[in-house]
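Each structure below appears as structure tokens.
In the two complexes below, chain A is the common chain; its partner is chain B in one and chain C in the other.
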Partner chain A sequence: MSETQEIQGKVKAFVLREFLDGEDPAALGPETRLFTTGILDSIATLKLVAFLEKEFDITIEAHEADAQNLDTLVDIARLVASKR
Partner chain B sequence: MGLHDVLIRSAARTPDRVAVREPSGRAITYRALEALSDRLRDRLVALGVRRGDRVAIHVPKSIDAVAAIFAVLECGAAYVPLDPTAPATRNGFIAADCSVRVLIVEAGARTAMLAEMERLGITPAVITLEGTGGGDALGATLERLQAEGAAPAAATVDAAPDDLAYILYTSGSTGKPKGVMLSHRNATSFVDWCSRTFAPVESDVFSSHAPFHFDLSILDLYTPLAHGATLVLIPEDTGKEPLALAELIARERITVWYSTPSILSLLVQYGRLEARDCASIRAVLFAGEVFPIVHLRALKAAWPAPRYYNLYGPTETNVCTWFEVPATIPPGRVEPFPIGRVCSHLEGVVVDERGDDVPAGQEGQLCIRGPGVTRGYWNLAEQTARAFLERRDGRWYRTGDLVLEEPGGDLRFVGRNDRMVKKRGFRVELGEIEAGLYRHPAVREAAVVALPDRGDGLVVRAHLVTRDGQRLSIIELKTFCASLLPKYMIPDAFRFHPELPKTSTDKTDYQRLLQME
Partner chain C sequence: MTEAVLRPASESGRAPAAAVGVRARMGAIMRALPVLAQLVLMALVVRGFALESPAFGRVFALAVAGYALQMLLPDGLRLPLFAALSAGGAVIVFGPAQAAWLWAVGLALIGLAHLPLPFGWRIAAILVAGAALALFRGGVWTPPWSPIIWPIFGAMFMFRLIVYLYDLRNRAAPFGFWRALAYFFMLPTVCFPLFPVVDYKTMWRGWTRAEDAAPVHQRGVEWILRGLVQLLLYRLVYHSFSVDAASVQHASQALVYLVRPYLLYLRICGSFHLVIGMMHLYGFALPATSHNWVLASNFTDYWRRINIYWKDFLQKIVFNPVYFRLSKRMGAAASLAVATLIAFFATWALHSYQWFWIRKAFPVAWQDIVFWSAMGTAVLANMLIEARRGRRRRLTRPVRSARTELGLALRTVATCATIVMCWAVWSTRSLAELGRVMSKLAVIGPADLAWIVAGVGGLGLAAILYERREQAVLERAGTPDAALRVGPLSLSWGSLRVGAAAVALLGLVYAPLLLYYPPAMADVVDQLKNPLRLNRGDAAMMDRGYYEELTDVSRFNPELAQVYAQKPLDWDRCWAFHHLDTFPTFEMLPSRRVAFMGVVMTTNRWAMRDRDYTLEKPPGTCRIALLGDSQAMGGGTDDRLTFENVAEDKLNATPGGRHPRYEILNFAIAGYGPAARRWLLHRSVWRFHPDVVMVTAVDDLVWVARETVGGAMGRYAPPFPAMDQAAREAGIGRGTPYEVAMAKIQPYRERVLRDVYDGIVRECREHGARPVAVFIPQPRRETPESLVDIRRQIEVARAAGFQIIDLLDTYDATADLAPLWVAPWDRHPNVHGHAMLGERLYEAIRNDPGF
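Showing the complex of A and B:
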């Protein structure tokens, strides 16, 4: 499994567990837009960032934590990978 | 005295002081803000706006939006602030509901709003701003319009106290937002109370955290501007980012902060406040919901110097009771602080189901009257009548909030007598969410409940019965809701059932739904 796939997998499991309880995992694709569509809200952003920092031992700056940078699993994995 | 006299007087007294600042660094003096508002007033009058009309403002928080607000007031019209982050279906409904004469809109939202309004059969004149910031976009728009045809100078209208100043739309239980009508007297009596209570001075720097369609914005906008102080506008996106907010408070040297407890809770949990010098703050005001004591205690530890005020009141009265948090929170205290005493410009009674006063210490509904209280809802005579209690001693607004008077005379909030909840300080009628869900083609039955969550907030859970009995995608449902409802109304969780539990009278059994996992 590539690094990106591994990150995506962990983030996907977290998002499904925390914010999309009951969703079919197949419905959450790598390009599903989470924040700009209103599926996740600003509180979810904070929780997601806290999870990413802890899980991957990285620091995410305030300006990086906006909807554009974290909109899809691909975006999130890219940000995390760039920090490791 | 009209609400816009706040600006006119300060522009005469302190023309060169900064009235409004944006975090981008752009700022405008009182003199320039008045001049910009006057120019837009002239244009609005040229477009046919007259005393008593409504003008919708669909512009992100900016100096441009503040100038637009004052321009509408100077015309003697009422401004209708739309939520720039809400879907066009909702904003279009609001514009049509109160038949606005003019829509002032930021270019990005123009097409969707025009389509929605046309669908609803209204075609107001439109003023389009190409972007916002510093008042420059509004200035450029006015120049462009002037080149197309001059707008002669118009007089500022001397508003009567009962003229409408603004209409704030809140969640409606029938599925449609309802417009709370607020007059100049409603607003100025409240701003006068704020002036007496918080004693603003020219050197104060007030935060403007709440969006303009939210009633907290009335204190933010008019209290500092009445005293030659400075207002710092916090844009919608920064407003939800604790790290950026903490940085902003320190950099802008905010002296009076006002927001919902939710935001303060986020600041103290995620804002790394220990890394910021926020010593400029002298007063922290919060309103809109209960402040969990655990977060309030942490905030006071991080910011020990300021005084803390719990303000309470629905949009219909704006703040109607207030309580100053004691300097030291007793270590054993776990319950939230009371909402305090009725503000000096209003009167309050606590009544039973028949509308009679209950003895002190007994639970009852808080009712309010006085110059701050709305006359009612736009175009909703029946709902307006239901919202008021007519007694021999006059007409009282029923807040719908159950309270009881503590031995010391402070009122304690106990709960609601209906299905309205507060989500991050926003009023949410669970019935409006249900009405939204019923518009989904696959939904046969919908019932929405709100439960406390682990973090002292609220989880909104939708229970659904689908037409074919199949589960629906949560992602698809949330996306559907986002097309109809503001983000804070989108359910956090969904549950699917073959049928919903019913009471013996065949109504949805919400009590049982509350207990279901």
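Showing the complex of A and C:
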């Protein structure tokens, strides 16, 4: 499993657990848009950022917590990978 | 520019030339042609309904022409073309000289942001420049440019510069010369100063290459149509939901009064859609805003929907930096609370900051503080609940039960009701006025109940249907780029839908040329087509503002503000008036020649706005003393052409009268109500020995209420005991807010008017003069309520002993009354109106055996 896939897996598990309890895991793909679909609103974004910082031991700046970096699992994995 | 970075191929504005073959370009042109056809229809709709402003009509036409030109240009010239169009828009709106100033000052600010200095130094330089501009804006220094460019300059730079510097510091997006011009000077801004916030990073993230942009263009056209429809709905709401606080008597009227300010947001919403739609035409796929805000089901939801641009701006510049800094030291909940409260405080402060650049005022109104505090508290509570309990999110369509549907409907209605109340507080003139209106919510009849049930039920049902549709849309949008995936079939369906709607709107504009509309429908169409037509409340305020200086129309009254904006500052100032410390607070000066209401006004040696007369009545003359208000005085009309002069001249020029000669002495003074006329009659008229005292009247029930309230509020000692008595019985004191006092005096005004009329008639009989009340109309369509008032007033006058001359139908055969107005902002009759009145007065006198 590549680093990116590992990150995506952990983030997907977090998103399903925190925000999509009871939803079909298969419905959340790597390219599913989290902002557009309303899964990530401002509070959920803050929770996700806290999770990413703790889980991957990275620091995410305020200006990075937006749709460009967090819209899909692929975007998130790219951001995390760039900081490790 | 030194910050040119991050230039992915799809965002560079310069696709590889080899990749763009002739075939691809032809394909893009073919896909753009239906969009162009729809845009032409839209331009006709904008023109037909005179939407927004004449300048917007021209700028929109420029945008359509630019779109056609864009189709023919290579990709690399799209941004220069957009910048050129933006410059052209500024020239259209301001003229070349002021447009050059706008661009020069703007370019200087952008240049400061890119100086080859450390970032902190650049910020310092911009702050110094900003302070200098603020001194210019505040009037401390005089700038070399016209003040007219300030609102647009403010819209372009007051927030965008903050966002730009933030992204520049974080290198969060690609930068470049053309990108900076496109961002700050974007074409639609020249017409919409209330759309100042656009996120730089989001703008360039959504920028689309020309050959991929057809779906973006189509979406832009659809949003433009949505904006146009919302602006038309706004006009309907503006006219249909007009209710004066003083006239609210039962629950449904109170609800209309409360809901109206909230629905007037349609205008902002419509203009936002126009701006964003126009940006889409040039490939900028900006996010949607004001997305079904009435259907928000909680406060956080409302905050996200109402203005996503402002919410994202605050989140980026204020909320996130505060939260990220605090969350390292405090808990998440505490950081959330502090960051939210600071964000709402910033919203309030920036609201006033925005007002400073747009209107040169820095308002600190209690309504703003209450509104933003309430909104901040509600959103914070909602956020804390969501953060604690979480919010149910779905990837697939949920199973909906009657219980979930009912819950959604109730939440939506409750949210809407609370926000409506916040908006009502935000827009009210006084809490006492609002309290009086609220008390009428308890006065519920069957009709009120039916309206309330229909409104609440309709809103709940709309929320349920909308949620279902939204879920289906989100399911489709969950996959990448689904939102932009528009195939040929759906593109043509969208084109047809937009085209059909535009044709239907055009039919509404032009069908009256071919078809007969019933009067009621014709009136609605006229409301939609006529941008300068005021609703009843604003028209009353315009008439009232003339005398009572109630002209603070900027907060929630854009129509009236628009009309007033054309009005010269000294329009109402009459240098022939002399201030008095007692009732009626001013009088006319003799032998003056002054400018007043756009014409030269002359007073004779007796302080009448009239030609000269001898004190002694010439033998064989029927002398008529005319008492009245601004209409009778002839405000805005040439000295010789006031209606009484027209009638007098014709009486003397036409043989066959009962008297060899007639004189009509014009004692009328603008701003004099019935009590003031009675005062003037006693003080100035009798030494001229008139045979007839003619009192003009039309709004005397309103006038006498104002005169009574003015005395009760301490502006002068009440001139007649009946006025003082009525004010006492009504419970009006010096501290009573004006609107509340006017509502309280309603039941007493007929009694006071009768007392004033009795006094006039009594004095006339004592001096052997015949009292005549002449009812002359203003060139306006009376409302059913004012018609009832006028009829009551005629009865009061008749009962007091006046002979009645009713000229109220003078303008009935005139379809369009606007050409009879002195000016768009002043509905006194002009010379044509006075000629019609003069003719009717002549006929009335000539046909009356008593004269």
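To be clear about the criterion, the second predicted complex is superposed on the first by the 84 of 84 C-alpha atoms of A that agree within 3 Å, B and C clash if a C-alpha of one lies under 4 Å from a C-alpha of the other, contacts with A are read in each partner's own complex, and residues count from 1 in each chain.
We take it that a residue touches a chain if its C-beta (ideal position, glycine included) is under 8 Å from a C-beta of that chain, and two chains touch if they have at least 3 such contacts.
The structure displayed is predicted, hence computed values, not measured ones.
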First, second, both or neither for A:A65, with chain B first and chain C second: both
Which superposed partner A:A27 touches (first chain B, second chain C, both, neither): both
Touched partner set for A:A50, first chain B, second chain C, both or neither: both
First (chain B), second (chain C), both or neither touched by A:S42: both
Superposed model, chain A: greater residue contact from chain B or chain C: C
Common interface positions of chain A, toward chain B and toward chain C: 19-20, 23-24, 27-28, 32, 37-39, 41-43, 46, 50, 61-63, 65-66
Residues of chain A touching chain C in the complex: 18-20, 23-24, 27-29, 31-33, 36-39, 41-44, 46-47, 50, 61-63, 65-68, 72
Parts of chain B lying in touch with chain A, wherever the complex brings them together: 237, 240-244, 247, 266, 270, 424, 457, 471, 473-476, 478-479, 481-482, 487-488, 490, 492-496
Chain A-facing residues of chain C, complex: 166-167, 170, 172, 201-202, 205, 300, 304, 315-316, 319-321, 323-325, 327, 332, 336, 383, 386-387, 390-391, 393-396, 474, 477-480, 483
Chain B contact footprint on chain A (complex, rising order): 19-24, 27-28, 32, 37-39, 41-43, 45-46, 50, 61-63, 65-66
